[in-house]
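Dumping the structure here so I can ask a few things about it.
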Amino acid sequence: MANVSKSSRTAGQKSAPKAVPARGKNGFKPEEKKPDAAQTAAPVAAAAAGAPQASHSGMPTRNPGAVNPYLPHMATVQEVIKETHNIMTFRVVLNDQEVMKNFHFEPGQVGQLSLFGAGEATFVINSSPTRREYLQFSVMRAGEVTAALHGLRPGDTVGVRAPLGNHFPYQAMKGKDIVLIGGGIGMAPIRTLLYYMLDNRADYGKITLLYGARSPQDMAYSYELPEWLSSKDMECVLTIDREAEGWEHKVGLIPNVLLEMAPQPDNAVAVTCGPPIMIKFTLEALAKLRFAPEQIITTLERRMKCGIGICGRCNIGEKYVCVDGPVFTYAELQGLPNEL
Amino acid sequence: MRIGVFVCHCGSNIAATVDSAAVAAAARDFDEVVFSTDTMYTCSEPGQTGIIEAIKTHALDGVVVAACSPRMHEPTFRRAVERAGVNRYMVEMANIREHVSWIGKDKEANTNKATELVRMAVEKLRLNRPLFPKTFKATRRVLVIGGGVAGIQTALDCAEAGLEVVMVERESTIGGKMAKLDKTFPTVDCSSCILGPKMVDVAQHPNITLYASAEVEAVSGFVGNFEVTIRKKVTCVDWEKCTGCGLCTEKCPSKKAYNRFDEGVGPTTAINIPFPQAIPKKAVIDKEFCRYFTTGKCGVCAKICPTGAINYEQQEELAQEKVGAIVAATGYDLFDWRAYGEYGAGRYPDVISSLQYERMLSASGPTGGHIKRPSDGKEPKTVVFIQCVGSRDASIGRPYCSGFCCMYTAKQAILTKDHIPDSQSYVFYMDIRAPGKAYDEFTRRAMEEYGAQYVRGRVALIYPKGDKLVVRGTDTLMSSQVEVEADLVVLAAGAEAARNASGLAEKLHISYDTYGFFVEGHPKLRPVETNTAGVFLAGACQGPKDIPSSVAQGSAAAAKVLGLLSKDVLESDPQIAQVTLQRCIGCGKCIRVCPFQAIRETDFRGQRKAEVIEAVCQGCGLCNATCPQGAIQLSHFTDNQVLAEVEALCRC
Amino acid sequence: MSVLEGKERRIIGFLCNWCSYGGADTAGVGRFSQPTDLRIIRVPCSGRINPLFIIKALLSGADGVLVSGCHPRDCHYAEGNFYARRRLEMCKQLLPAVGIDPLRFEYTWVSASEGQRWQQVVTDFTAQIHQLPPALRFSESPDLELLRQCG
Amino acid sequence: MADDIHGALREAIRTILPDVECVLGWGSGPDPLRSAPLFMKSPEDVERFRAGELAVNNLAVFLPEYAGRKVGIVVKGCDSRSVVQLISETLVKREEVVIIGYPCRGVVDVAKIAAAIGLGNEDLEAGLVERAEVNGDTVSVTVRGETKTFPFKDVMAAKCSICRYPNAVLHDVFIGEKAEAREDSYADLEKYEAMSLEERFRFWEKEMERCIRCYACRNACPLCVCRDHCVASSREPHWLSQADSTRDKLFFQLIHATHLAGRCTGCGECARACPVGIPVGLFKRFINRAAGQLFGFQGGLDPEAVSPLQRFLVDEPTIKEKEWK
Amino acid sequence: MNAALKFLPHEHLKAWLEELAGTMRVLAPQKEGAAVVYRAFDPSREPELIRKPTESAKHILFPRSEALFAFHKKKAPFAPDSLNPDGSQAEKEEPATPAMELTPPEQPGPTVVFGMTGCDAGGVTTFDPVYGGRYQDPYYLQRREATVLIARACNEALSTCFCTWVGGDPANRRDADILATRLENGWLLEPLTERAERVLGSTLLGDAGEAEAREAEALHAKARAAIGEAPDLTGIEDALPALFDDKDFWWSESAACLACGACTYLCPTCHCFTITDEKAGLSGVRLRAWDTCMAALYTLEASGHNPRGQKAARLRNRVGHKFAYFLKNHQGRISCCGCGRCIKSCPSSVDIRRIVLNALKRAKGKEAANG
């Protein structure tokens, strides 16, 4: 009689605590998270069904306070920015000032933004942890929830479940040259990392940003571009797919422009986010430029619901994009089933 | 969404039985309502200003007006919000007047119901999306179907204004019913003197292409871009060659052909030109009577024709025309009075229809303008006119009033006296309907100056007595039986829809009523439009009309066409069906049921999908109710919107 | 409160914009008094009415549903009501399968000019619904019970 | 089923195999009582083919997946009607399917056999069956070494005893003598209609409570062609909530029935597929009876037919509208 | 053998359950139509303790749908009429931002499930590491803690049973709180966890001894024998990923699949859900409801992209999750308890055992071919 179950457990789940498996194979080991005061102080948590702890306290958890991870923070939209015809940016502030003050997240982490009645959707927090006056989400209109979110106005109430997922290995990137490559709405996660690095400028080497969009009108954060272009702390290259009137920057697809720029791979890390097709060719371009898979970081998108690794749908093999991702090195992706 | 609610008092029209203020107060508890008030007259200038102010002050992006029927004022409020910068389709109305305050006096129930209707409107509005019309190119040409006076008027007005006009006439000449008339009321001026020059204008106008002896075979396309197939009937005469000299009609040995133009009063030849002023003046062979066709031998006309225009082997031809608008001006036909057994059902030759009488009165008619009894050719001294034959009679399925019979009967009574001074006319009538300018005076003249005897009552029976016809009826004013021994009885046959009007309506995708008359867009507000964009109505095809009304409507239709085609591009109503490509499985059920062929199959990345032709879709939503997966949704009447309304009503 | 308890029943009408909605307007203009139970949902055409709207309403607690369109041949969209007639009749025949009295649903044709007929239809149908017991309701899943409350 | 028919069917399948991507038939299932769909691509696959009384699945459900590719399909009479209906709705192209028909005497109802096996008060399940055989008019089933024999008609699927079309109504090849048709007087509905309206309502309330919303009824239905786009889980349109609500679950059944009105071919797969035994086929029986009475229509008989709800008559002689005073 | 063995004579079963029902929710399998489902214990009816329940018991801890919370928008009071009835403007005041109130639902109290199968208990313990893992799911965990699971040992095996393949046993002592064995004269109740004590205090229960234990053991052995030898699944967690790109394999294994959710919804270990909002007026609920990985919509992204658009990809993920991915994340535990419902209830007779065995065979074959 075969039994592949390697650990026979007793009922009641009194197994020994297991540490969170390290995510990342190339030394980008995320820090263990500090107990999150923000979460425990969530106002709604008081009324929430608190989890029984007795027999499960041994479980490793990112939520040591054992608050209800499904209850969102109440937040208020402070500012709405229409970025492009289908992208809007929302700056939100958590209603509980104490929670807002102590809210901690890492660059690259995501949040579930919800409109009560329409539902939740996942977006990267694209403001920087170093700039704390609001949390910023950029939303591209695609489905029902995003369409509803596009109806938001300043003063409206939203729900925020954040931070969720892993983050960019900014610690391990210290001292290296950084190549940031963002395409379309993929600029959002890049933006958070960019500001984080600019705010900790001394920790990093040369910072190069390549940002591309279909047309000038499709370029989100256009109001920030002049600052990026003129900044002495970074090199910023902009490109659009096809010639447009009045456009003074590059024209061409991101991978081609990247090859033209030819950043040096030595002691460098490339971070690329964008639509799947752009990622595919950018990865090829980076390979041509002799970036090793371990030197390339990207983010994945998957349909998500719970955001905490339970509901099931965002897995790629044994990895759950919502908790094991969204940030992966190219080396990690190569080890996963080909199901993107 | 930030919604504002405006509850109208409509003076006391609503407020008398609905507590408008309470409704407005209740609306404040509805989701997304950020502003709610009651106003005295929401549609008035201050009322509309109030909406505009509120939109600006409260940053509203949707408005619910609880007032009268949306059929009344929806356009008004759409314009109002548009003035405030809100998309015009972000308005919903709750009908608390026609559907609430006016139909019940229970204020509690009414107020509650009005609140419910507002809740429902709010729930629907929450799912409204701004809609924007699309533009498309239009062909600046118009098709006029029917060459009667209405069609002629439309054609000339359009042609004068620079549009190209294609006119299709079923008969071999234009002119319609009016061409058959001798004189017209109330001026008693000569019909052909008025109409003749207009007909000539049609023939000569460079912007008008005339197809006579032709019918519309098929219509496809949509407003601005119709494709019309015209079937040219067989005339056996090559009209390119025919000069209308009339030699053939003189020599034709078949002289007993039915004279359609003269309504069968007197025969005509098998090859004929209907009347001297015919436009186009071209000969036509009536195969039923032509000896060449009935016996196989003859060919006189072919021999005599100086231009060799006769072609017995002629085949039907189809012509294609592209037009941007269509005007139906197909007129009417006379009711077939033989349905009335009490009038002899056609057995008595001296009982004739008013139009036959008209041909008799006409100087260019078969009798040369002399009134003669069909039976013996004698001049009648006693003429009885019977009105409402096939009008206002539910028993034969014609409950409507034909409108013009009272007037032409009076005219014919006057003309009878003119023609035969020693004659006496009797008119049996139900009511005299003479509401037009100088109309009532005209009927009075018939009675007072011309001595026509008007008898109010129905004729029960006509029977022959010697060479006379006894007309027996009741004088309802005197409550007595009346019998008149008449030499001639003229029946004022009513109007009915033109032969096969319904067939044409189906080709044009327009509605027709139970009687076959075409249905206008709105009886008051859209009298010459139809519910099919780009198709208009002129004249009696929409309902019985006299000449002034027909001409007026002809011009009105022309004005609408000119307005429509004043630009090269048209805007389509955006309240139409939309396909969600992701959900469409391409099963084609929507395509099958669409009454307007407004949906076609397309290939989207190798998959079959439905596609709505935006300019053609009329927004009926049949496709929406047909699509099992709800992939095609009618904007502003989406499944979710109707479900939200249902849900709002079923809550609690 | 959606209906006056003990006084009214929950009756939903689906009316085509062009004929029946106009007929109801005409009835209003004529001040033809009618029971207050009916709530009218305006749709462009009876052909727009998915029979499932009717079933949904009846399963959600509506006591009666009345559909009215243009008379056959008078459809604003030429043929919408022809399709509607078949679908609605099919729907009526399906109702007893789930234990819903088919008398809870009627469909008819009223033109824009038939104000009096509309009054008659509303009056008759409302009386018909009042003769039936209130509609049966499913024991609702506790998750959704909340949504039944007013708000 | 006779061996010679099996042999001839296998031969027919082998003959068309080179021309098609695969041939849809039946093979053995997880236990001797159940067959499973078999997708034959090679002559060796054909050896595993078995038709007959245990071949319950309606394989027409798979045809739309193969659009654009030519396949063969072995059909019972009821299956063939589904194929015909799909062709009439242009969801399957006639030229893309090779239809092999055979006479069907009826198929077994596994639930009925399970009930018939019942040993004392222990109504043991069909899953315990070690061996099953159909011999002429009897079915022999061996459970725990003990063989029981039942008349075939007692364990036949209900739809088969009222089957009017036991032979493929459309086929390229037909193997065997045509089987005899039976009559359908909708007696099952009359029995159901003996319940009062309220009893029916409560009946469904109870039945639907155990529905797990797996939508096997829908996915097994060859005419549920919306597949991944079913309104059951869409938000636009949002007909149903995701709540485990008896009302919504019943409503889904009515959606299914309504969408099948004038299309259903009565194959009964919806009810057979239901893992918790809810008689969901009843609603389709209602609409099929109505389609017959109102429009003289039965689904899946004529590949040229248009569904009665996709057409109309200006005067509908069979529709008796309410007369208002 | 545990000294605390209890014996419940058959004639006391209903009395005992009734007694428990006085203080807690008692659920037991019940025949309903053609199915056997879990229902609140009804003293007027016999619980069904022979046939395998048609549905698994997971919905007791993980309902088919549940409200995560209700939300209610509290509207701020309005300013007085800002427009006078005559249309003139009055003083206006913007209403304040409405507040959103969240209310988590009440959870059911103490519960006991009597008569679930051992495999169903195995399903529960595959839930535990998921719902009490990196994040704690309070809804599940609260129910889990409040529920005593009494599994009955199986005396029979259906043709679709295969619990022993995946580490289960007809007499499952690993997963339940109490193991109940149906003996000739009554039930032998063997407590397995501390929770068991909550229901074993009744005076209706007697003590059991060696004889009963031996009788039970003999029955267990018989049932084990009925299932037969379990094949060796060693290496399956590598075999499945190795076949990930083997399109032919997954096409042929999934050809008959109808992509319905019967397998996953009947499965005691499938734990996926979706979250949707339902709203009416100012109130609404955020619902969590079972979801199935066999549905295309499960992974359909708003952009229209679907990483598992084909049913072959979905079946591959389902089998892969159960027999490979889960093992890697949860110490070798297979996310399958061998209850066989997915096989028995599949309208198309798709057999996960066959897929797993075929996969092992094919992967071995490939390995061999690759040297």
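When the chains are written out, they are named A, B, C, D and E in that same order, and each has its own residue count from 1.
Rule of thumb we're sticking to: a contact is a pair of C-beta atoms (placed from the backbone, for glycine too) under 8 Å apart; a residue touches a chain by one contact, two chains touch by 3 or more.
These numbers come from a predicted model, not from an experiment.
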Identity of the chain that, by mean CA position, is farthest from chain B: E
B-E against B-C, pair bridged by the larger set of C-beta contacts: B-C
Distance-to-centre winner among chains (Cα means, whole assembly as reference): C
Distance between the centres, which are taken as Cα means, of chain C and chain A, whole angstrom: 51
Chain centre separation in whole Å, for chain D relative to chain C (CA means): 35
Between chain A and chain E, centroid-to-centroid distance (C-alpha), Å: 32
Touching two or more other chains - residues of chain E: 65, 73, 105, 274, 276, 278-282, 284-285, 287, 300
Contacts with 2+ other chains: residues of chain C: 56, 60, 73, 79, 83, 87, 141, 143-144, 147-151
Residues of chain D touching at least two other chains: 227, 235-236, 239, 241, 243-245
Residues on chain A engaged by chain B in the complex (per definition of touch): 151, 153
In the complex, chain A residues that touch chain E: 1-13, 15, 18, 20, 44, 47-52, 54-56, 59-63, 66, 68-72, 74, 76, 114, 116-121, 142-146, 155-157, 159, 276, 301-303, 305-306, 308-313, 315-318, 323, 337-340
Parts of chain B lying in touch with chain C, wherever the complex brings them together: 29, 31, 69-72, 95, 97-100, 102-106, 108-110, 112-113, 116-117, 120, 505-506, 509-514, 519, 523, 531, 593, 595-596, 618-622, 624-626, 634, 637, 639, 642-643, 645-647, 649-652
For the chain E and chain C complex, residues of the former touching the latter: 65-67, 70, 72, 105, 278-285, 287
Parts of chain C lying in touch with chain E, wherever the complex brings them together: 141-144, 146-151
